[in-house]
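Next come two complexes built around chain A: one with chain B, the other with chain C.
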Partner chain A sequence: MLLLPRMSSNLARLLLLLLFAFSICDAVALPGPISDRHRSAALELFAPQHGSFASLEESYEALRIFEILAVREKPDVRATTCPKVLENLVSSTPLKDLFYALKVNGILKCKVNGDIFKDIASRLKATVKDAKTLVDLYYSIGSLLLIKDQASDVDVLLADADGTFHSIKALSQSDGKWRYTDKPESSTYAAGLALEALAGVITLASSEIDQSRVNLVKNDILKLFDSIEKYDDGTFYFDEKLVGGHEHQGSISTTSSVVRGVFAFAAVTSGKINLPGDKILGLAKFFLGIGIPGDAKDLFNQIESLALLESNRISIPLILSLPASVYSLSNKDKLKVRVNTVLGSAAPPLTVKLVRAFSTVAKDSAVIQNKDLKYDQNSGHHVLDVLPDEVDVGIYVFVFEMVLHDADGEKVYATGGQIHVPIYVTGIVKVSNAEIAVLDNDLGSIETQKTLDLAGNDIVSLSANHLQKFRFSFQLTTPRGHAFKPHQAFLKLKHETKYEHIFVVGNAGKKFEIVLDFLGLVEKFYYLSGRYDIELTVGDAVMENSFLRPLGHLELDLPEAPTSKAPRLPPLAVDPYTRYGPKAEITHLFRTPEKRPPTQLSLIFLSLTLLPLIGFLVGLLRLGVNLRNFPSSAAPATYAILFHLGIAAVLVLYVLFWLKLDLFTTLKTTALLGVFLLFVGHRILSHLATTSAKLKSA
Partner chain B sequence: MARSTSKDAQDLFRALWSAYSATPTNLKIIDLYVMYAVFTALIQVVYMAMVGSFPFNSFLSGVLSCVGTAVLAVCLRIQVNKENKEFKDLAPERAFADFVLCNLVLHLVIMNFLG
Partner chain C sequence: MSKKLIVLFLGLVPLLCTCFSPDTPSDRRVLVLLDDFAIKSSHSIFFNNLKSRGFDLDFKLADDPTISLQRYGQYLYDALILFSPTIERFGGSIDAAAILDFVDSGHDLIVAANGNASDLIREIATECGVDFDEDSSALVIDHSGYAVSATEGDHTLIASDDFIKSDVILGSEKIKAPVLFQGIGHSLNPSNSLVLKVLSASPSAYSANPKSKLTSPPSLTGTSMSLVSVVQARNNARILISGSLSMFSNRFFRSDVQKAGSPTKHDKSGNEQFVTELSKWVFHERGHLKAVNVKHHKVGEVDEPAIYRINDDLEYSVEIYEWSGKTWEPYVANDVQVQFYMMSPYVLKTLSTDNKGYYFTAFKVPDVYGVFQFKVEYERLGYTSLSLSKQIPVRPFRHNEYERFIPAAYPYYGAAFSMMAGFFIFTAVHLYHK
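Now for the complex of A and B:
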């Protein structure tokens, strides 16, 4: 029996989910072939603006994709694009534009005068002769090749094909990569361009190229494939590591460039290039695994590469896909498998074999071995009619293999050997023998016992005190009659004050049982007596009837908390969603101002305080006070006046201090004034003293 | 009896007054000044009793200013009085200088405390 507070139970659920996620990662779901979703994506990404595309390159990419995917509702851009094509053909435009103009013309077949082609061909031939950079060679040879297809009467054959071949080959590196120029940076993307150009040279050669040179290039290709990158699921791709002076190419365009180059080269040379079928299949997996790219260029590279893979001479990948990876035992679903080429067309006659199937829990014991799937002509699916009795609910890995009927097919097609597919088999788990009871602690005798139908809506109400035990048990049985342990089997007791306690229900075989001894739980229940709602959660990904239902309530009578160590109630867990709600308004507390007397009264008292002063002055007059003692000679009189002025100044300073000055300024000024006052005060007072002393002595 | 009592009191006061009349004028001035200070303090106390002691520091500084200067004036009076043989050697000008200095210090504190 295990008591989990709410936090740790959440954590446990998370862990279970993670474990579950890891357990199915052994086998990765297969990407299916190209579908209609790609078609709609293509129409969306290649949408012409004002009846035409932004550039000839984009026009070509769009037209080519529509052609490959056989898109029916393609936009008609012929009227706007053909003038552009002609314009680029007539004037001497950069090689790249010329190249794409010819490519677009190849698809649209605009009306172009044969003389124009002748002009271009002679211009291009001169370029080929002088070209130093790979890109120039690529575009000019590519253009010549296009002219050859579009105007058969124009002479495009290269006189010095051997020399051109050599100048391209001279840029190759020992690792199969190519350089763009004489500079030492090599690139995989450039290798693709070079191979395509070499294929072009072979096609355009007036005399046959030396076979030994061709074989050297074949070796380069094999070396290039040694640097191929790989994912664990058998996906292969090329990536550009070094970013030289040229713009960086991503893995999609790099892989695509290599695919174009290698297949173009394979198409024009006799003999086979010995590339392993799993690498070709891995490339297909790479392009299919992208899904639907959000970028037009990526989509073009993906689709064009897949089209080349579909009909290449080395080996054609066959893609095995499953319409669904979840099978329900209760619905008696049939296991269906589909085999297509990458673009989704039908595969050659073949048999799909289920080599074995094993549960992710027990990987060593196979539940199915060596079964052939039946081919259903109508739907094009390979079907396994009935899942054998050994297959119970759970997560399985099915291992398929394709066996081609034509024995020579192995040379043409890449099937990828054994393919692992995760399969979920779900079903309705039978919940039975649910029993809920309150037991006396010491004897174990049953006080109350009730049976429940968990499938129905039965509700029980029980009462217990801290000397008793609570027992709840039920059974889970799979459709095949085996024990079933779900991911989640929790019993929750929730007090009316919202404090809740979650217990994991453990099992022994089919039987799940939990016994709560309230004597030991008193403290964990915070001594809270009262009504507890009971809730049961049983859930699993493969359990079709996962449920969370209330079982009723329990009236619990717990002893009072001992005052000495009464546990403080922990704060209730906050609903995480309230965090995003509005915050409570903050009310600021200000000190209420003190009650002040009415102004009138204060003014009256101010004048009252002046009364004693008046009394003082009147008293002085009555006493006959006079200033006769004021010194009459000049110097002492000055000192006397200054002395009084000094005192007045100090007092004024005090008033200023009260009104606005701070203590430091006041003290500094007071010190100055004090010195002055001391001086003049001493002078006048000593003068007065001497005069009075003289008077006395006189 | 009652009559004789009031007459006695009148006599007593008259005797006191005539005795006080002999006091030198400068001491009378100081006495007047002390009276003035004490009455000012009393008026402030009455005001406080009527409206409450907020702001208490202002009340305290007002009253203490009056009481303090009265006490200083009393000290001055003691020193100036010729009858007091104790301060025979102290010149009244020196006593006055002390009085002024103490008053200035007292009022610096009072002003600081006034708020």
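Now for the complex of A and C:
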């Protein structure tokens, strides 16, 4: 149960790396050697900021990469980096910084006083004696080694080399891995460090190291290589399981560490380490398969490891690569193969042999067998001039083999035996005899038949009903005159409402034919009558003239859907452009005001309503109205005037009520006026009544 | 001393919590789940680009048992990038439901699949309205729109240039070159209206296993197949789903591209531009709107009334801003609309703008009374949706607000007043005539 996540992770990595290497069938397209792309990537990843790199470690990595790749336009960091180196070249600096300062100095050759080296060397020697951890030993021995190269007069030889050798060896594990400290966790990455340190001890030893001990370490190396991991395509690499306490190293840095250690060790020991050439080649494939890493550290590890592989003593991998794996019959391309070392320099004289080539469809019958490729001195390619007539369009696997001219070369170089490469041979497929017809169902008699030139742009328009059949046929022929079955041969019927129906066109030999019996398709077509656009798509990886072309349209008359099982149309995708967007504006329709007579008419009627008043006044005048009855004495006259003023006030109050007053104010005022009117009215009316009574009695 | 420390710590607490907030809708902390740390290096341009835009990326292996999205109910990240197409089961407490909860709480997600996409990744995609081809060995093949390459002969490396026409999603600058794509296709769930096709397949593309012969029609063909899709959820969380992980890789970013049948060869594929612009959209650096200062008042007044009367003339204004990744910039458009709404819109009017983010209009309140709403429902392709509503009652005329002195009534007025004048004269005449 616990194993499961681990396994899935490994599987994931495996699949991912396969993706890196573009696995195709059983053969794999080969990654080429280091190219200019790596150079530009190096310049991009190792770009100094403000004239210098962030750390000495990075400076070293950058300078080393520029050196290996022979980058011409490398940035000049000497002026800024040398002071940093000198700053760190004191005996009190941490070991790691000291180590990288010396490494940078090895490349830049800054002016360093010889005494400084002496100081440091004596401190380092002391450290080597007391060091308990592998990392300390690694850095101090590495630094001593660097001092040896940079200042020949300084004594760096280890007095007790055997003891140091033993203390490093004591950290090794039975499976070839190493421990960082006394703690039991072992690591492959540490093994690389240990081997490099051991190589350093051998170089620095004042007396020869016991050969039996060296052989023990050689055995450790072989054991370490037993734990190497492998992909199906012959790629080998080391991977690190998670170890507590130390930074987790990815497969690139782990593999790179082992490569550094093993080759450093191989370089200083006499006698060969018996590592199989295919594993060395597998390591080279691993580093090349990464492509261009986007991480500076990874790029450094990749390039440095490849540089070591390029010049190692065990066996030098040769990389066979193809500039192109797609060959066009119509362009009469030549098959070219290039053989290089991993860094892209020329391989020793050799012949590339095409052992055999077979189609992926018919794996047993080879189309080409045992052919030597011609070496073209100018381009550096091995060329197969003409593909034989048996090679038609299709996917093939070519099997190559490198034969070194120098018989001893097999010992120096790793060629990897037979190399399988997938090759796509493309060509123009002839499309002919296209026919499109509508047939009567019962008799099979042809109602309408039209021929089409599929290379042209002709378009047909047909009509059919559900009792008829639709037939479409065409022929495909390869350039060599064989039948050709493309991967994609689709006939698409597309209704006006965007419902699509796709049919695969099957073949019998060269002839492709599809018959659509509409009676059986009515339900599939959702009973949708109307115009269907017909589209044909023919395509294949090896067909250079793959095409998608409209054939025309078909007016289809299908029966109405029976109500019991009305077809439920699947939802169509909504067009996002129409779904969003502004809506139509809405303005409110206000109620229209009631119709009114024109103002003039109202004015005329207004004047008409005034007529009775005028008539009344005229009538009064005509009757000879007088006011002689108005009281003559002072008091009644005052009452009379007040009474009429009161009436006038009430009338004015009505006008005011109409104009602005509200009902309550009006009523209050009316009440007051009423009391007043009652009083004065009573006085004047009683006065008038007594006056008239007096008159009558008199 | 310890007191000082506590004060200092308490002072730092708000600084440490840089959570997602509507005021600054910027995702800053991103969890990147990988199948293998090699992806960190092989896709470094994409990651470095995000870092240079201020994102804090936390790389973890997808099966790392220590990963978790939240702690004590607080989300630790603002966005998640799943570059682990083959993962069958996440480590730690993360599962498909946890990721969907993460999105449901408004966080963003980028999912990249490839030919080996696991059921888990497919399940997450399905929940987002994206159905990857069920055939696990199927890849998108296009024999007419493939990228010309001397080393890739099976036409699964596609140069696609059928982009969504939206400046907000893909930036105002046209994508200069076709985008390289190698992976699996998907279809969009037609019932999901939130998911959009950003990169469609060409009409000749189909999804099938390139190594086996086809006997039945493939389930995904033509332009209905999507290569890259985005989702904008109702809570404005954004999701990017791509059928190709290598689309984000340095190799594709740097690769030259020539589409089959096209004579032009571009030195650089459009991937970098496409992916960068798309990631800007996903991480809300574009297309995130906010509306502030929603105001309405009667013409000639300044204060917002508690109630409107029918037939009032009113003015409505709102300010809309778009988040640019750093600041709120005025949003410029000419299609913002306001509705005066009660059960259905009575007035729907496009707002005028001063091109500085200020939108305004004026209209007359309809002669229907009731409780209305000012509604701005702004939904545009790629933008977060704005949904503003403000309730306001509308009353009819009061008794004294009707029209007075109607000309048509003059005869009545005249009759009454002539009557009153006659009465006054009559009283005098009647009393004192002799």
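Note that in this section the second predicted complex is superposed on the first by the 475 of 698 C-alpha atoms of A that agree within 3 Å, B and C clash if a C-alpha of one lies under 4 Å from a C-alpha of the other, contacts with A are read in each partner's own complex, and residues count from 1 in each chain.
The criterion applied here is as follows: contacts are C-beta pairs under 8 Å (C-beta built on N, C-alpha and C of every residue); 3 or more make two chains touch, one makes a residue touch a chain.
In this text, all values refer to a predicted model and were calculated from it rather than measured experimentally.
Asks: Regarding the shared-chain residue A:Ala689, is it in contact with chain B (first), chain C (second), both, or neither?
Replies: The answer is first: A:Ala689 touches chain B but not chain C.
Asks: Does chain B (first) or chain C (second) touch A:Phe657, or do both, or does neither?
Replies: first
Asks: Could you figure out whether chain B or chain C reaches more residues of chain A?
Replies: C
Asks: If you stack the two complexes on chain A, which partner ends up touching A:Leu645: first (chain B), second (chain C), both, or neither?
Replies: neither
Asks: Mind working out whether A:Val625 is in touch with chain B, chain C, both or neither, as first, second, both or neither?
Replies: Both partners.
Asks: Just checking: does A:Ala584 make contact with chain B only, chain C only, both, or neither of them? Give me first, second, both or neither.
Replies: After superposing on A, A:Ala584 lies in contact with chain C but is clear of chain B.
Asks: Once chain A of both complexes is superposed, is A:Pro293 in touch with chain B (first), chain C (second), both, or neither?
Replies: Second partner only, chain C.
Asks: Once the structures are superposed on A, label A:Leu216 by its partner contacts, choosing first (chain B), second (chain C), both or neither.
Replies: Neither: A:Leu216 stays clear of chain B and chain C.
Asks: Using the touch definition from the top, say if A:Ile252 reaches chain B (first), chain C (second), both or neither.
Replies: After superposition on chain A, A:Ile252 lies in contact with chain C alone.
Asks: Which partner chains sit in contact with A:Thr670 here, chain B, chain C, both or neither? Use first/second/both/neither.
Replies: Touch status of A:Thr670: first partner only.
Asks: If I apply the document's touch criterion, which positions on chain A are contacted by chain B in one structure and by chain C in the other?
Replies: After superposing on chain A, chain A residues 596-597, 602, 605, 608-609, 612-613, 616, 620, 625, 647, 651, 654-655, 658, 685, 688 contact both chain B and chain C.
Asks: Under the definition above, what is the set of chain A residues touching chain B in their complex?
Replies: Per the stated touch rule, the residues are 594-597, 601-602, 605, 608-609, 611-613, 615-616, 619-620, 623-625, 647, 650-651, 654-655, 657-658, 663, 666, 670, 674, 681-682, 685-686, 688-689, 692.
Asks: Using the touch rule from the top, collect the residues of chain A that touch chain C in their complex.
Replies: Where chain A meets chain C, its residues are 5, 8-9, 11-13, 15-17, 19-20, 22, 24-25, 29, 37, 250-252, 290-295, 298, 322-326, 395, 422-424, 426, 485, 487-488, 490, 492, 500, 502-504, 535, 537, 539-543, 546-548, 570-574, 576-577, 579-588, 590-591, 596-597, 599, 602-603, 605-610, 612-613, 616-617, 620, 625-630, 640, 644, 647-648, 651, 654-655, 658, 684-685, 688.
Asks: Under the touch definition given earlier, write down the residues of chain B that touch chain A in their complex.
Replies: Residues 25, 28-29, 32-33, 35-37, 39-40, 43-44, 46-47, 50-52, 54-55, 91-94, 96-97, 100, 104, 107-108, 111-112, 114 of chain B touch chain A in their complex.
Asks: Along chain C, where are the residues that touch chain A in the complex?
Replies: For this pair, the touching residues of chain C are 35-45, 47-48, 61, 63, 65, 84, 86-89, 91, 114-116, 141-144, 149-155, 164-165, 188, 190-191, 193, 196-197, 203-204, 206, 208, 210-211, 213-218, 221-222, 224, 246, 250-251, 254, 311, 335, 337, 339-340, 345-350, 363-364, 366-368, 379-381, 406-415, 417-429, 431-434.
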